[in-house]
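Going in written order, the chains are labelled A, B, C and D, and every chain counts its residues from 1.
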């Protein structure tokens, strides 16, 4: 068992007839992902790469009740509705590729998902890949090799370079998860760490965070409870500081959000801090010792 | 124990500074009702008949935590908010005197009350009286004598005449409840019948319905389950039939709403049907036999 | 409060629903006919259904023909109402007719969206003869209707391709309108699919909550204000309506002055039960002014069919002394000689009784046939005495 | 996306919030000064706080004095920005100052209403020094704020009598505005109680979600459109902004052409870590057009401080062949002689490599200092080589 998607996970693609979605549907199919249907309202009856297109998720699920994971590729103004539709039809995980979703929309969809116990990944995620098994999203397959390291990152490109760095060192991934780049995310580091902790095919986890936001700090206490080693790579140490603007949000978020605050919180809870990409596999090997063959 | 209000029930009055509310606050106090405070936003600190006025229900409850019943006398456009405020502060029963509350507002407030297990009586109710104990609303005290008959009616005046008819026959009421005349009601016949069924001070119930609406029919099945006799008095048998207007609401309500459909439903479930006001005490005495002294 | 079709369609247009560009024509002239494209449909504006059968719906291929047909429709009488306006719309070729409505479900206390592929006919008949063809979706009060829900519904109506998205927009718009304007009913029947692939609202019904009109000034700006419900009014009913008195003429000889509407209904039952015939239904409850009380008495006593008056006042919110003053003043000024049998109890009963006693002493002749009983006289005895008095007058 | 105070107040006025009748004056002239009542407050419009200390807030008792003071404020520089406009409002006598805001709480993923009796000061300071003076109320997304909730909050601010109802309306209005316009922050500081018993919004802050602007055409109608965030821009940043390229000048000598923003941040860290100095931050990710890619290279190579370029492309959504074409075309047309050390991997990598090889063969001189590595070269080795190349150029 990988996390979120596996060889046998049946998935659907919402917004499948868009140029980008259609292209990556082709790539996903090639990779072996089991796509049972696509959805674009008003285009029911068409096909994309032999994948049947439906008008509604309900129609798609009625004919393919085995589907449990969906990816969302619709334009941002329709993303909230597409997510709510996926929740309504009983999807378990929703991978939101769409970027720049209005903040209030994403908050609404996120709340609806939490109430129903549904996992949203993203928005603005490059996707999720369980190498050699299945790919949902637009991660470049070349970067990923099958293995026993779980990775989770905010930035898509950083995900690729970490995988690259692991692979060059002879390591591979169980699953690689992009949290997404939008300001409001459905899933945060802690959620994914919990999945990896329970996953029998994962021995250790790499989490890659960056300056801004609070999700790294919020995940830190859970790292202290984990049995598996966590290597953290935080970028933005040298980033130019924006001018300090007094704003009400800072009252809530306090001093979180700098690279230093994130690194401190993670380190204090037992995460191993990698300064560079190439340090990541080194730290992993040290932590796992002889476990890795 | 009477139902809804009793000698010791602590109550508040929302909209207490209005002319009508102030007048009836005087009458209620004279009757012995325990009014611990009134509420009118912006008039906190004033007094009505020695009753202290607060800006918010919260303020009132903070100083008078024993209050459990409120009555609402505010103008119709503020009624929804007043009811929601009462629910929010933990009131158990809300007697809504205000009439002509917008339908959507009342539906909203009703739903909120149901979710929290709160009882709303009304809108447009003349109130609730447990004779000799307490009065909430604007029922004329002269009509009511203490006794062991529970009464519940849609029309205020019909409530008075029924009480009058009982009293002239030597009977009295445990509690008399006006359901209210607005199109959407917080409490229907069945709700009140259930309370009377459980009330140790009530031996039998009189329910007075009228043409229109569906609450009488909906209550009928429960009457079949009750241990106490129910005398039903339904008016509108001779009412002029409005022209039949095809309307979508009829699809839901079907053939309910005529005096005949109500009488049939009630009779079929064991209610005793009174043709006139003077028949009501006769039927009650027959049903109760020697129970009444 | 029902709207005329043309009013409903103006409200619909505000929510972006696809109505045809029509013109409204009344007896003031036909200039507007220049603005429409022919052929057209001419529809007499009335609340009561069955317009087709009554010849209120006509077709015309030219301006001249339209003018002629409009003239034939205007002034027709339908369901007791003279037709004062017609709505003229371009004629379209219909491929399918659908049904859509949102209503307040008073059984479940929720909103209810109903749809059917069987549009264009009486939906109550569809509901009873082919219930499977009427789909129902309940919505909690305050819940958002999301596009996907509307889309599922539109799909269930058999809409696909571009019509699916058009149908989704219509359903969303109808629901928003229903919520936005405090409707009791918002209905489209039929929603037509045309042969050129458009979705059009051909007939629209809106029933508003009069008690919520205060928060919709935009409706007032459109000329939509509170109005009397449907039905032909007698002359007396028109007078009553003008005075703001809920009043319906019946064909008996006992004038009923009962207090509130609830007991008004009961009083009519009781009068019939004891062999009398009520002359009217009236709501004289609440706390009417003395002027209004006297107008109510006038409505009854000026009716030549009325032989006797039954009156009742149970003072709850209202005061017996005010009521007594109004009765006395009316009698002194108008000197009616018909018998009046009444009962007065409740709030300020004592003071009221004094007023009546004093008037009786001052004007014994005027009050000879007037009796005002108290709390201890059962109301049914009062009714029986009124019936006897009416019979004695014949 | 922050609004200027005068813009925020125009938005506030649409929701009925009590703002003063002010006028906005820029370098175009002073005619509007005829419209205000004196004395007035003159406030330079800037995003950065601390306006008072910088002399951007002035008082004037007459038109002449106002004109003089405005002239002194216009053109001042504050937080790196020239002051282009002032807002002139009637001066009021303040009795108390309150604080109100609604924000997106990114920790709880809910909306958060914050209030304080300590208005008119830096609220972050109140939050840390007197946390009990800052009251917080969370609201679920999509939940209605009912009047009674707002009233409870207003009462908690010490408002009573007519001010209680005025305060309730302000809180409701602020929340509706926050929801209605997709705000990240909507803030009033201070909300003033005046000595004549009025409640007035003296300063207003609004931070909008740029990604939701599409559904607020009314803001566009008011002249409020997407804009660059605060901060003084260098000439190159201005060029980049015009071309729609996220770009920040740094003071090093290595041009960074990194792909997406996430790796852009990482690349800067890594360059510093290995002893180099980045000349810029840039987001060259997503799937930019070839024209845009060439504009990005131009930004770097035209910078005289830049000694070498570090480039990286991991083709996910974007294609390596498009990227290679853009690089080749730029080099052929502009003949830069600076070293460029790059790496290309992922989507269409093979095709991209062929394009580079062909160009190298055709223009060996132009490509002498240009290297494009593949998937098997660790990115950090590419960075180290760039740093060495930059040092060699000195």
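The criterion applied here is as follows: a contact is a pair of C-beta atoms (placed from the backbone, for glycine too) under 8 Å apart; a residue touches a chain by one contact, two chains touch by 3 or more.
Here the structure is a predicted model, which means the values were calculated and not measured.
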For this session: Work out, leaving chain D out and holding the others fixed, how the remaining chains group together by touching.
Result: one piece
Problem set entry | Which of A-C and A-D has more C-beta pairs touching across its chains | A-D
Exercise. At what distance in angstrom does the C-alpha mean of chain D lie from that of chain B?
Worked result: 59
Exercise. If you average the Cα atoms of chain A and of chain D to get two centres, how far apart are those centres in Å?
Worked result: 27
Exercise. At what distance in angstrom does the C-alpha mean of chain D lie from that of chain C?
Worked result: 57
Exercise. Hey, what residues on chain A touch two or more of the other chains?
Worked result: none
Exercise. On chain D, where are the residues touching two or more other chains?
Worked result: 142
For this session: Sort the chain contact graph into one of these: line, ring, star, complete or other.
Result: ring
Exercise. When you check every pair of chains, which ones turn out to touch?
Worked result: A-C, A-D, B-C, B-D
For this session: Within their complex, state which residues of chain D touch chain A.
Result: 47-49, 79-80, 101, 103-107, 109-112, 114, 122-124, 127, 134, 140-142, 179, 182, 184-185, 187, 205, 207, 209, 211-212, 214-215, 229-231, 248, 250, 258-263, 265-266, 268-273, 278, 281, 285, 312, 314-317, 345-347, 349, 375-376, 378-380
Problem set entry | In the complex with chain D, residue positions of chain B that touch it | 41-45, 55-59, 78, 81-82, 84-85, 88
Problem set entry | Complex contact set, residues of chain C against chain A | 146-149, 151-152, 155, 160-162, 164-165, 168
For this session: Spell out the part of chain A that touches chain D in their complex, as residue ranges.
Result: 20, 24, 76-77, 100-105, 107-108, 110-111, 126, 138-140, 142-143, 153-158, 160-161, 164-165, 168, 181, 183-184, 210-211, 213-214, 218, 235-240, 242-243, 245-253, 275-278
